[in-house]
Structure formats: structure tokens, C-alpha cells
């Protein structure tokens, strides 16, 4: 299962990177495979482990944030592993060239 | 906390309402307050209870679906209750008229 | 086509309803059919007319906002009209009861 | 402005990469800077140019798809350019290490 999420405080003004960095520390230590992109982070794992990491991020953020926005997308495919790599590979194969990533 | 989500199978063709109905039965029996809209369902509850319902819907769907797409938005506001009603009310107050809902 | 969107400033602190109200005034005057829910607004229309309204909201918001977050979902179904009503009706028919909305 | 989007047909079964590849060809030729990730594509550009590309993808997809799902996120920041690179850089600086991307 792939889970992409974006989480940020709404009460801290325009610049939210300190809180995003706090989440990425948790994700990086979680042991789950992940990829950071300019609009969010994609985790690969089972439902409970992926949501366990998201919950840890949320708990770390609400320690000092009064309003938090979270957006999450899941792509579940039965029996599929390694989708972090294989989805991009199959699009590049379809296009017939290496794409920016 | 408000949690809006949309969940549907990607391997069942154009019409997915039987699977959406299966989710709404679970939500309606969950005891959490909710509102169905044309693009998703908004639940109000604490993190664990709201995600508990989402997980039940997912488990009910993957019994017979091989690929499932989920989209989720959370609006958390410290100490806030009754946001299902109060958010719409404050927008209507701002606009100064009753809106379609 | 149904288009749901949420748009809010990230540099105005915890309470954003004045800016959301500004959008709803635009939507309500647009002539497109819509439904406000606690997490966003669903418009029904063709691509150009629906995105025209979203753009008007964005222009109205960036007059005095330095950072803006937008989330958008589209459900396009060839030849379908009246989906604001019919999607909810078909779920209620599937569940066999009236749901909260 | 950064715009991330995911677009896929709902009436073509479990595997949708041929249609995603069709979009990536359009994006790659558009001249806009972009990054493909496992759950979507992030474009950088002004409102009209970014949505122009999204619309081209949609038009290419509805030639042979009856139902299409689109999800879109925008992060607008006044006067900001180069956010495809700078957002990741500022998170890595905050964490104090290179992250997977």
C-alpha cells in the first residue's frame, strides 16, 4: 500500500518547514520506505504501520499547534510490494524515456 | 476533528455505488456523527475513532476489490466540538445569507 | 462534472472563515449549482465554467493573502448531469435508508 | 505556484499506467518544470499555464474514458520561484540530513 500525506499547522503563519521537518525526522526513523516530494511524502507499508507513522507525526505536531490540516491519498493494490519504484518505472516504460523525478 | 474521505474500488468499472453504499452502512452504524455529500463523507470524532471507521470501510472493501483508492482530509482544531455544524454556520454568517448545502 | 474544492490562506492564523466566506459569495453568485459541506464546496458544471469560478475565488484571495492552499477533486462522467443529487440518491438506495447530509 | 495532480480513468480496470503515461508525455513536452512521484506529478508554473497542462491531460484522457477521477493540490506563495527544489532543501536543512526522494 502506498500512502501519501501532507500535514501542516494553520496557526503558525506562512512558513511551516520547522513542523514539516519534525514529521520527516519521524518518518526517516520509522523504518518504512518513503520518498519526499515537493508536495508531500509517500510511505510504503501495511495499513497499520503506515497510519502508525502518520499518527506519530500528528501527535508531534499537536503538541504546539492549535489547528492542523492533513491530506492523505492511498493506493492499495492486493499483493503488490515495491510500488514506490515500480509505478514510476511503468510510466517511464510507457512514455519510452526517463522522466524528471 | 473533522475527517472527510472518499473510498472506491478501481477494478469494478464505472459504477461504484454498491461499494460506497457498503461503507455508508458501516458509517451510519458507527455512532459517529457524519454528513454525506456528493463527493465524500465527513465524520466528526477523535483520531482513533474516526480512523477506526475508515479502517472498517477499507476492510469491507478489500474483501472483493483488488485495487482501492482512498482520499482523506482532516481539519483538527484543538478543543473544538460540533464543527460539522459550526463551520457552515460561520460561513453563512460571513456571507450574510443561507447557502445551498 | 463535479468539482469539490477547499481553499484557504496559510498566513492568516487559525481562523480562516472570512476568506472562505469571500469565496462562497463568488460561488453563490456564479449561477453554477453547488453544495457547501463542512470540508469544502462541490460545484457542478463543465470544466471551463467550474474552473472559472475556482480561479475567481483564487484571485479574490490572493489580493491580501501571501500563501494559499487549494485542494480539488473532480469526478467526471461522460454525459452525466444532475450528479449533485443523483450520487447521494443512489447511495441511499443502496443502503436502503435516508442518510445524514 | 506548485500544482500536484493525479488523474486516472475509473472504467479501465486495475491497471491504469497507459493513461498515466499519456499524461506524462504531455507534461514532459509542455516546457513546464515538473517532478513525477509514485502518487502524482508536481508542476511548477503560473495558474493559467499549469491548469492549461492539466486540461490537456484531461482532454487526452476523455477521448476514450467514460469516468475520470482527478485530485489536485496547489501551494501558492506570492513571489516564490524554484519551489520544486527549495521546499525539499529547506526540509532537509531542518532535519539536518539528506532524505529519500
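Each chain gets a letter, A, B, C and D, in the order it is written, and its residues are counted from 1.
Following the convention adopted for this analysis, a residue touches a chain if its C-beta (ideal position, glycine included) is under 8 Å from a C-beta of that chain, and two chains touch if they have at least 3 such contacts.
Bear in mind that the values here come from a model prediction, so they are computed numbers and not experimental data.
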With residue numbering as the guide, point to the option in A-D, A-B or A-C that repeats B-C in over half of the contact pairs. A-D
Looking at A-D and B-D, which pair shares more C-beta contacts? A-D
Chain-centre distance (mean CA atoms) for chain B and chain D, in whole Å, is 25
Approximate Å spacing (C-alpha centroids) for the pair chain C, chain D: 21
Return the distance between the CA-based centres of chain A and chain D, expressed in whole Å. 16
Residues of chain A touching at least two other chains: 14, 66-67, 69, 71, 73, 75, 77
Which part of chain C faces chain D closely enough to touch in the complex? 47, 51, 55, 58, 62, 66-78
Applying the document's contact rule, which stretches of chain B touch chain D when the two form their complex? 8, 10-11, 13-14, 16, 66-67, 69, 71
Once bound in the complex, which stretches of chain D touch chain A? 2, 4, 6, 14, 17-18, 20-22, 24-25, 28, 33-40, 42, 71, 73, 75, 77, 83-85, 87-88, 90-91, 93-95, 97, 99-101
